[in-house]
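Here the structure comes first, spelled out in structure tokens, and everything after it is commentary.
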Amino acid sequence: MSRAPFARRLLSVIGVDELGAYRVLRVADEGPDAEPGQFAMLAAAEDWGGGEEQRPFLARAFSFARQVRGEAHFLLEDVGPGSRRLCELGAGDGLWVLGPLGQGFRAPAAGRRAILLGGGVGIAPLAILQDRLTAAATTVLLGFRDSARAEGAALLDGARVASDDGSVGHHGRVTDLLEQELARDRDAIVYACGPVAMLESVRAICAARDVPAQLALEAGMACGFGACFGCVVARRGGGYLRVCVDGPVLDAHELERVEEPAGAPV
Amino acid sequence: MSRAPFARRLLSVIGVDELGAYRVLRVADEGPDAEPGQFAMLAAAEDWGGGEEQRPFLARAFSFARQVRGEAHFLLEDVGPGSRRLCELGAGDGLWVLGPLGQGFRAPAAGRRAILLGGGVGIAPLAILQDRLTAAATTVLLGFRDSARAEGAALLDGARVASDDGSVGHHGRVTDLLEQELARDRDAIVYACGPVAMLESVRAICAARDVPAQLALEAGMACGFGACFGCVVARRGGGYLRVCVDGPVLDAHELERVEEPAGAPV
Amino acid sequence: MSVSFCGLELAHAIVNGSGTFDAIAAHAAFGEELVREFPFAAYVSKTITLEPRAGNPPPRLWEASAGLVNSIGLPNKGLDGYLREDLPRLAEICSRAGTGAGVPLVTNVMGASATELTRLVAACEARSEIAAIELNVSCPNVETGLDIGADPRQLEAVVRAVRPHTGKPLIVKLTPNTADVARCAQAAEDAGADSVSLINTLRALALAPHATAGASERAGGRGPGRAWLGGVTGGLSGPAVRVVALAQVSAVAARVQIPVVGMGGVRSGADARELLDVGARLVAVGTESFLDPAAGARIARELDAIAGP
Amino acid sequence: MSVSFCGLELAHAIVNGSGTFDAIAAHAAFGEELVREFPFAAYVSKTITLEPRAGNPPPRLWEASAGLVNSIGLPNKGLDGYLREDLPRLAEICSRAGTGAGVPLVTNVMGASATELTRLVAACEARSEIAAIELNVSCPNVETGLDIGADPRQLEAVVRAVRPHTGKPLIVKLTPNTADVARCAQAAEDAGADSVSLINTLRALALAPHATAGASERAGGRGPGRAWLGGVTGGLSGPAVRVVALAQVSAVAARVQIPVVGMGGVRSGADARELLDVGARLVAVGTESFLDPAAGARIARELDAIAGP
């Protein structure tokens, strides 16, 4: 595991590029190498807090999508006040970065094919994973809601794409492609990141076929380094795991199922 | 009194120009004509709240400094998170504007000389006053802390300037100039806006010489239209006046003295 | 989306928080547009006391993170001045407000004792312009000895004492600065209140900033370590308190049968909807009106566009 | 700027709020840099209970305006697990923290009754690694029947019961969700507490947003009108509560003689200075550490640069 410097660092934005429905935030970063699957907590140095409901307040978790020549890249989807503010950043703007944090993907056993399966903005950690998996045979399966999002597939090489609306590639779920791939050749390990429903489907498919799977999870986070105990998911067999320090990448069998937390009746 | 439309309006910023230590914020405004001394409550439409202490939250009061050809001008000094955010605005940005609000300056009695006396960013309402006082003889006396601020004098025509550091014009207080002017000719009315100490000095000088004076006051404001009762100053003879609706321009004799509110021991 | 509240039919669910909208001053500032586009379905006066009050010395305002601390000190003309000068003017505005049907006028009163409150309530009872009475037992800014509203027993006694003196709807505005606000609400209901409203502001303190110490000391003794507000402590309102308000309104609505007026930090129809979701009948808007006098109308429109639970 | 606190000599006035800094996890994440640049002058553990607790179901966090609502539910290994597994590791980190002199370790405990608390306190008393004990009588997230800390009489009884079982400094962490926090502090002092700390979080509620209703319902029943947090209510912390904390700390410090640990929304040396100005001896940093694990050290430096009152 790569260790984060103890203190958030004020880094400088190099640029924010469009990538279909997403943005790629590029930051000058001479910090430690991130491992694929690790993430950083990000917050704009200026004007962090003037959005809807006077948010954002906390920093936001983003996977390292790439790390090259002193640049760290993050893939952003605008889904709320925090990600929106980050999308607005421009060259020279300051960015607070804490990281790299968390447990990344574990390398495949020698000779085993790596299937990289991503949904939506969840493709981010798979890009850096592909960069580093130079030795292994890889298959890349990516699913998107629509064609604007499917442009994100450019982040990885040689992806087979599925789209919910059929505008690009397979009309349907990316997990359909996974089933095809595993039917063809089960000697594989699946690295997956994406929406909860997709991850649960990956988990179930792999469990049924006894294929190892590593799932990069998301959870609402306040700190990213184990301080708040806020980012938990239920562990198979009872108790909870902190996604930020026990994950974000978890072996699929550590979880009973992947599910959206449900809240409670008032 | 010009009446404000009932609801804040989303206007578009035309530009923000430097003027020495100040900024001139120009806004496309087809709303009602402001009277000199009236003000508006301003808030940036985006990113209002991400500054120090997660502020600003409330709108901020600014005097109309000028109104020409569908443009309203405000003179800004960066003194905290609200004014800072306004200084950062650029062409096309949205600005919430509520106003014109409050009681402006009353015109001088016919034939009487108008002395416009401003200190620092308090020169703002005197600019629009000068624009409108086309009939009266006017004398303009402006005081600044230093030369960067003294560049603000360009907002008015024919100003005599004083500076605290002697870098521009008279080395000393602008009220020294007032005393000279009144010694020369007391048949005048003084229109003053600026720091508390300056206003108090104007009040005392004019009271001693029985010269009428209208003082444009400042006070911390939450609403600007009489709703919160927060912006009060002590009225001569007891009770309080709301600066936003009873002022901001008050006849000097309505006040016992002009003073900074003192807070209280905890 | 008309709403019935204690026998009153309101055009929508949004009213103002007491002390946050001076309809007389707003009429002067905005003219007839205020009346035509009156933002509230009922109008609540600021707090009236028996004797006139000048209010607290300034400063009276402090901007907190996503909130406002005020220490206004309930300035008002006293009962007689209110009934003679303000009430007729407010009633005139309210009678013409909105689409012409007018809006009910609620008068908010505060007294240091049951005797004082009884006199205030009895005087309101006698005035037909007043549709309902709100008892402020919760304002943290003013020293009324003990805070009646924080102690369920005292609260119950006071409400019981005033209840017989009016047949109009009696709303008790609870204090949030208490251990168990639901118990206080229950006490008000037991004593005959027709409704409870909450939250009032949270007790808060702001100090003069150290950064401006030099400047301020020159300007009159306002130095670091001193309270910023002339009234020393104040009350926090605005977005900062919204989640606290939601918890208290939820607890109260779960406890009492009488309708609840929920408030605290509401800025949008979505915020209002959440208070209704946890059981409020009406929603009051306070601080947000300072940012936009027409906020109440906007919030009512936004609320209309959101489906109920 | 060393500070003495209940007989302990601290290098500066900044400590952590209980439950907001897991030194073991931070050590794993940041390595020895954490130890060398340890941000706090004393380290306070999260709350330990007699039995192990898994904590509340997720979601456990809600971002409020300028604040955070949490409903963590005090997950911990229970007294035995803590003493066996966590305490030695925490003590090892604390012993080497900072410039090498180490920092004192405070253990925070909570129990539903005097009996439970007595067992917890007695067990802490027996461990030399523990320099002081903090009693959490205020956590609003967990149902311990009544909230002991909100009632001065109950509070006094509990503190009186545990006091004889330890000679170590005993800090009582007060609940802010009460009518008169100064009276509660007084009760703790009367019962023999060596210090009081405040504020804990304000009781708060967040609902699942209406906007995401469709998506969320598909995803498992999280719909509008439902509580967002798995634990239903939570506690508000962060800048939103700072002025409330300042009022409560001021009221408490004016009432008691024992030293006060002030906290709530501190983000800067200036914020810390204000708590000291109103009478706190130490200042704890909670939520701000989430934004930056080294915040405590920065705040201590900033504080150093500000002159006292």
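First chain written, first letter: the chains are A, B, C and D, and each begins at residue 1.
Note that in this section a contact is a pair of C-beta atoms (placed from the backbone, for glycine too) under 8 Å apart; a residue touches a chain by one contact, two chains touch by 3 or more.
Since we're looking at a predicted model, the values are computed, not measured.
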**Report entry** Both-way neighbours, i.e. chains that touch chain D and touch chain A
**Finding:** B, C
Query - Chain whose Cα centroid lies at the greatest distance from that of chain B - result: A
Query - Inter-centroid spacing, chain D versus chain C (mean Cα positions, whole Å) - result: 33
Report summary line: Whole-Å distance, C-alpha centre of chain A to that of chain B, is 52
Requested in this report: Could you tell me the distance, in whole angstrom, between the mean C-alpha positions of chain B and chain D?
Outcome: 47
Query raised in the report: Out of chain C, which residues touch more than one other chain, so two or more?
Result: 62, 64-67, 205, 207, 225, 239, 250, 277-278
Query raised in the report: Which residues of chain B are in contact with two or more other chains?
Result: 49, 53-54, 57, 266
Requested in this report: Counting only chain pairs that touch, give me the topology of the graph as line, ring, star, complete or other.
Outcome: complete
**Report entry** In the complex with chain A, residue positions of chain B that touch it
**Finding:** 44, 46-51, 54, 57, 85
Query raised in the report: Along chain D, where are the residues that touch chain B in the complex?
Result: 65-66, 239, 250, 267, 277-278
Query raised in the report: Touching chain C in the complex: which residues of chain A?
Result: 53-54, 266
Query raised in the report: Which chain D residues qualify as touching chain C in the complex?
Result: 62, 64-67, 69, 147, 150-151, 177-180, 202-207, 209-211, 223-225, 233, 236, 238-244, 246-248, 250, 265, 270, 273-274, 277-278, 306-307, 309
Report summary line: Seen from chain D, its contact residues with chain A in the complex are 19-22, 24-26, 28-31, 33-34, 37, 46, 54-55, 57-68, 70, 72, 75, 205, 207-208, 216, 219-222, 225-232, 238-239, 287, 289-294, 297
